[in-house]
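Two complexes follow with subunit A in common, the first pairing it with subunit B and the second with subunit C.
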Partner chain A sequence: MTVSPEIITESRVDRARLRRLPFLTAVALVVALAVTVAVAFGSLIAPHDPDAQDLILGASGRSAEHWLGTDDLGRDVFSRMIVGARAALLGPLVVAFVTLVIGAPLGLMAGFYGGRVDGAISRGADLIWALPALLVAIVVLGVVDGGYWLTVAVIAFLSLPHMIRLSRSATLVQARLPYIDAVRALGLSGPRIMSRHVFPNVSPTVVATVLLDFVGALIVFSSLAFLGIGFEPGSADWGTMLASGKELLFINPWLLIGPGIAIVLTAASVTLLGDWAYERLSERDA
Partner chain B sequence: MSAVSLSTPSSAERSRQDGSSLVVEGLSVTATGAQDTTRRTLVREISFSLEPGATLALVGESGSGKSMTARAILGLLPQNVRATGSARLEDIEIVGARERELRRLRGARLSLLLQDPFTMLNPLQSAFDTVAESLPRSVRRDRPRARDEVERRLLEVGVDPTLAGRRYPFQLSGGMRQRVALAASLAKDPQVLIADEPTTALDVTTQRDILELLAQLQRTRGMSLLLITHDLAVAFSVCDQVLVLYAGSTLEHGPSAVLADEPAHPYTAMLRASSPPANHFVERLEAIPGTVPAADSVANQCAFAERCNWARPICSATYTVAQPVGEGHASACIRVDEIRPELRRLGEAAVGEVRRAATSLGSASALLEVHDLSKSYRTVSLVGKSREVEAVRGVSFRIDAGESLGLVGESGSGKTSIARCILGLSAPEAGRIRLEGTDITDYRALSRTELAQVRASVQIVFQDPYASLNPRLRIGSVLAEAVQARGVKRLDTASEVAELLQLVGLSKDYASRRPRALSGGERQRVAIARALAIQPLLLVCDEPVASLDVSVQAQILELLRDIRRQRSTSMLFITHDLAVVRQMTERVIVLYAGEIVEEGSTADVLDAPQHPYTQRLLASRLD
Partner chain C sequence: MLVYVVNRFLVAFGLLIVVSFLIFALLAISPGSMETTLLGARPATPETIDAIRDEYHLNQPFLVQYWYWARDAAQLDFGRSITSGDTVTHVVQERLPISFALAGYTLLLVLVVGVPLGLLAGIRHGTRADRVITTFTVVGMSAPAFAVGLLLLYVFGVELGWFPVFGAGDGFVDRIHHLTLPAIALALALGALVVRQTRAAALDVMHEDYVTFARARGLSRSRLLGAYALRNVSLPIVTSAGFILILALSGAVLVESVFSLAGVGSLVVESVTTKDVPVVQGVALMLAFYVIVINVLIDLSVMVIDPRTRYSVR
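Presenting the complex of A and B:
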């Protein structure tokens, strides 16, 4: 992934802080920031109009004008990659958000209340987990013929068990400690104890899990797009680009390599950041 | 001739000629930071020598460096920690030795016995395998011989090999585990056994047995014993010599009998005076003010100066190694000659107190009535039947308004289960609990107003001050939340938080700190303040000083007594320590295996115990 000019200035401002980061984490942070900028301002920073066709040029290899070449309709691959970040990452972002605001509270409740509440939530989570996510998504979306947002909803639903399980087990550890008993003895309500006392102490696990769920969803979305499910053909999206690139492999391999690298690099960076965040947040209490 | 010689170079020289087994000279331990720029002193220039068959105790509180010293002697320091100076076993230098040499020493000539019998044994190894693994290789190879040898070793520590040999750690009691661990650490017949807090995790009666076993094995085998403990009484009962460590410095070093009767350092004297006696009530407990400093912050001064009643400016400006003050007796106090008579008087005052019971502040009206309470726990197992453990069986008692009741028992006696039932943190199977006439047996059955009233009437202070505060909240928020739980408006809490901090002896600026920045004693003060914020009628104290440093315990006990004097709060005082019961309660209940075996006024029960178990508890005390 190429680093856009904005990112370099940003990292220079933060250099003092970045220097204390482990090297790989710093790299991951730069990648994540670059991707974030692409999601936010995609069409503004892309050197070409991603949909502008140049049928005379057609598919071509790398050149000074087109850094990563063009596809069969003569569209600039680099620009389409930048703009495609939004379609590729918006879904995973929403999925991660849903696991945070629905999955984490469910896990907290299961761990905190135990008994029947735990039974209901955990068995439900187990049931969802038993479903093969990608297969279910393909079937549902194939039958209903829904658009992008139905895809997001299905993936989000299927991603919940992971967060529920991990936040539940982190809660079980905390709920056993005397400081929780002490506030129960003060007569605080369950929701208040969970939000004010349990959640801050399980947040390292929750944050790391949110980032992992984001990565998982990114892979699932890219796979679906590659298969042509949930995305319109021809849309600028990393997975769709991958699919169309395989036919032009020998004319412009960058149509395949570019989006591929973008997916791998984003996934790896976010995973690394998750590890780092978990360690940093856990350190705070040590 | 005393077994351990004084740590001046000349005497160390002499003892080496006598064939002394372990000589430590000027041993310092420092921790290096990640960048190798910051160095923190953990132990400073400790010297002693241990002749064959001698016993020496290193006594110190947390952060004194006693465990680090032991690890340095075994060459088992953590990665970023280094030792300088010298520790020799006969003619082998341990400091700086290579791992290969150290491995030849460990187990065979120097052996280590650790504190926690729950984690130091491999859970997948039976008692038999644990000992067998530690035998010398030549014996281990010969199977029949190894079996005989293991059986002999187990018998030596009082474990029946046919009954317990095939058991796994989870099937053994704490005392049995410690015996198995002892057999394993003695399997190669070491010359020196280093025992690091070997009885701290054990019950009082078990502690006595293990200490006696340790002393007996040391005598019959003629091996040297280096005992590491935080408890002066344990040190005096087992060892001929005691070395008192404090924040990394050696404060006093001498024969046990001399240290017990005529301590030559204010710290030793105050530690003796501040440990509450079990045989009589003391009007005012002599508490040592302040908390134990980090070794590094007092590296260039007398480590105890900040907390010492006799400190002069010069004490905070000079560092001295212990100087001889008598036959085989050294003290690091530079004013020892001037203050010695006063130190002696401090010891006498503690002994000469009148024998009398705590005055009862109680009135006749019952605040809490517990009737025929039973509580059991079910353990669920993946295969086989789930088992039910009865923690409390038919326990009845009452606490009157303003009264303080002691609940004494060892681990597993059910005392904490009773506390949790009273607070509604768990529900009893059978029985009745009434608080001010309200039936609180089942908290879930209470109406909203009843629940609010009950919550405002009873509060708890837990044992572990490190886990009883939310690590993410500032002290001010912790207390403000407790004040608000009483129904006070959010805006009015600040002044009350300051008052609460003052009540427990902390300054206002603690409100902005996080638990991490507080010592154990300070955390326990905050936990007490939180419990008091709601102005409860009954305060349940579940072993409130058991996890604290010895020099801090008296402070907390005195604070709790102050609170009773000021607010006449009733207390249910849960403890395993009879001395604490004597000082804190008017009446006492003795629990054994979930049942009450004896009850009565504290003075009667402790002076003339009727039940064999109470008698055994009293006989197990070391002072």
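Presenting the complex of A and C:
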């Protein structure tokens, strides 16, 4: 008869978790920093001019001169990847910002006031939530031809329900606690209670959700770019590069692998940072 | 209870009307006049323009046009494709088999691989197996289906040459061979979600008193799993199934485009890029119908599975 393994593993588990998180998080942080540098300084750190064509060379594989080879117009893939970070991440950043300044307050209001306010906000959010976002974006943007900023607006709109739902349920938990009754008794106004007292306590959820919304938007944007919808053909963003990489698969696969890994790594890193931020911020309160 | 069910159906029907109106309005908001959009590449002579105006009732008010369109759409008549001249219904019908095959294959992979992995990770919480599985789900959830598809295409299609790189194949065996990579690409994205849901549910269940009691009684691990964990884990899985079934639509659009499969998903992209508005409208309405039906079914099945929710909805 042995002792149940679960009991022994329990302490090992906790130590393992403590060891593991910082390492993966550190990797994620390094990736996020590298991507941020690429977004900020793009063309300054790229080894080649991303738009310089070399039509005689054309598409080529990896070489000492071109680390990830060149595309069909002889442009350096590695440089285009670095410069493309801005085009690939600008939209998702704006979308994340919109969910923060519009979605979170709506969720807070719904959770805090309840009743008719909650009914109106939640029903609207549920309606949009039920839609397949990418599909709606493809149909609307493909038919309307609205350009980049319409794409940003449509994706931001479709991203709102996620934040509204999560910040609402986090607020609902807080609204029942005695300290809310206390500040109410002090005669503070609703907006003041929400911004000064409720928001700090739901901030772990809000921060984690903003990061997740960023990842979601990154995936939708790059998918649209890959399908050639809402983006200029030939622009140097990761999704568009992937689409052209499919045609040059046999000549220079790195045109496909490079941007593909860039998207996956960025998205995975931000997801991990979101998890980590949530745990750290909620520990602080506990 | 009955009131709730009837109410749910009425809301769904109202939603369908609103969505169908928006889909019909696509024609009006697409750039260029309605006549030129509907003519497509055909020559714009006064006769053809008159014919188009008659066929689509363009001389009538907008709401009357919508009424004619919706009446025909209810009988699955969405007009003709601008590019091929074929009826929209027929165009979609031709695409359905490949999409269904892909969906079935993917579902099989998700259920056979995803659910056991999630259970394993949840029950062996904190072990190395759990850590490896959890890390993979983060990557799976962050990876757009088209990026995974392209990487698989490169590694297994081009470098190793194990699988064909495009097309859907003929006959059963050949089709399975052709659809394996697309199904894996789709299953990775959806499976990651399923694994996470199953793991979280299994974690909750394993901390329940009745599981501790069952273990104290000396029940074997497999019996514990089959009789206690799996049954209680099924509820959150069913609830998230609706979300996954809807997410699968977006994934299918990308995966079918990557692997050049002639399914409904790639039809959406093709019709949108060629501005074939009748096909866009037809497919969009059918997919909207699918999404609405799934949502209703999930709400109702949750009520059937979990009796507790029945009391709260009254």
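One rule holds in what follows: the second predicted complex is superposed on the first by the 265 of 286 C-alpha atoms of A that agree within 3 Å, B and C clash if a C-alpha of one lies under 4 Å from a C-alpha of the other, contacts with A are read in each partner's own complex, and residues count from 1 in each chain.
In this text, a contact is a pair of C-beta atoms (placed from the backbone, for glycine too) under 8 Å apart; a residue touches a chain by one contact, two chains touch by 3 or more.
On a predicted model such as this, the values are computed, not experimentally measured, just so you know.
Participant: Quick one: subunit B or subunit C, who's touching more of subunit A?
Facilitator: Looking at subunit B versus subunit C, the one contacting more residues of subunit A is C.
Participant: If you stack the two complexes on chain A, which partner ends up touching A:Val144: first (subunit B), second (subunit C), both, or neither?
Facilitator: In the superposition, A:Val144 contacts subunit C only.
Participant: Thinking of the overlay built on chain A, is A:Thr171 touched by subunit B (first), by subunit C (second), by both, or by neither?
Facilitator: A:Thr171 sits against neither subunit B nor subunit C.
Participant: Does subunit B (first) or subunit C (second) touch A:Thr25, or do both, or does neither?
Facilitator: It touches nothing on subunit B or subunit C.
Participant: Could you say whether A:Gly187 touches subunit B, subunit C, both of them, or neither, answering first, second, both or neither?
Facilitator: After superposing on A, A:Gly187 lies in contact with subunit B but is clear of subunit C.
Participant: Looking at A:Thr70 after the superposition, I want to know if it touches subunit B, subunit C, both of them or none. Which is it: first, second, both, neither?
Facilitator: In the superposition, A:Thr70 contacts neither subunit B nor subunit C.
Participant: Once the two structures are superposed, pull the subunit A residues common to the subunit B and subunit C interfaces.
Facilitator: In the superposed arrangement, which is not itself an observed complex, subunit A uses no residue for both subunit B and subunit C.
Participant: Subunit B touches which residues of subunit A in the complex?
Facilitator: So the residues of subunit A touching subunit B come out as 177-179, 181-188, 196-197, 200-201, 284-286.
Participant: Flag every residue of subunit C that touches subunit A in the complex, lowest number first.
Facilitator: 15, 26, 29-31, 125-127, 131, 135, 138-139, 141-148, 150-151, 153-154, 158, 165, 215, 246-247, 249-250, 253-254, 257-258, 268-269, 272-273, 275, 277, 280, 284, 287, 291-292, 295
Participant: Under the definition above, what is the set of subunit B residues touching subunit A in their complex?
Facilitator: 420, 423-425, 451-452, 455-456, 458-460, 462-464, 467-473, 481-482, 485, 516, 527, 530-531, 534
Participant: Considering only the defined contacts, which subunit A positions touch subunit C in the complex?
Facilitator: By the definition above, subunit A touches subunit C via 4, 9-10, 12-14, 16-17, 20, 24, 127, 130-135, 138-140, 142-145, 215, 219, 222-223, 226-229, 242, 245-246, 249-250, 253, 256-257, 260, 263-264, 267-268, 270-272, 275.
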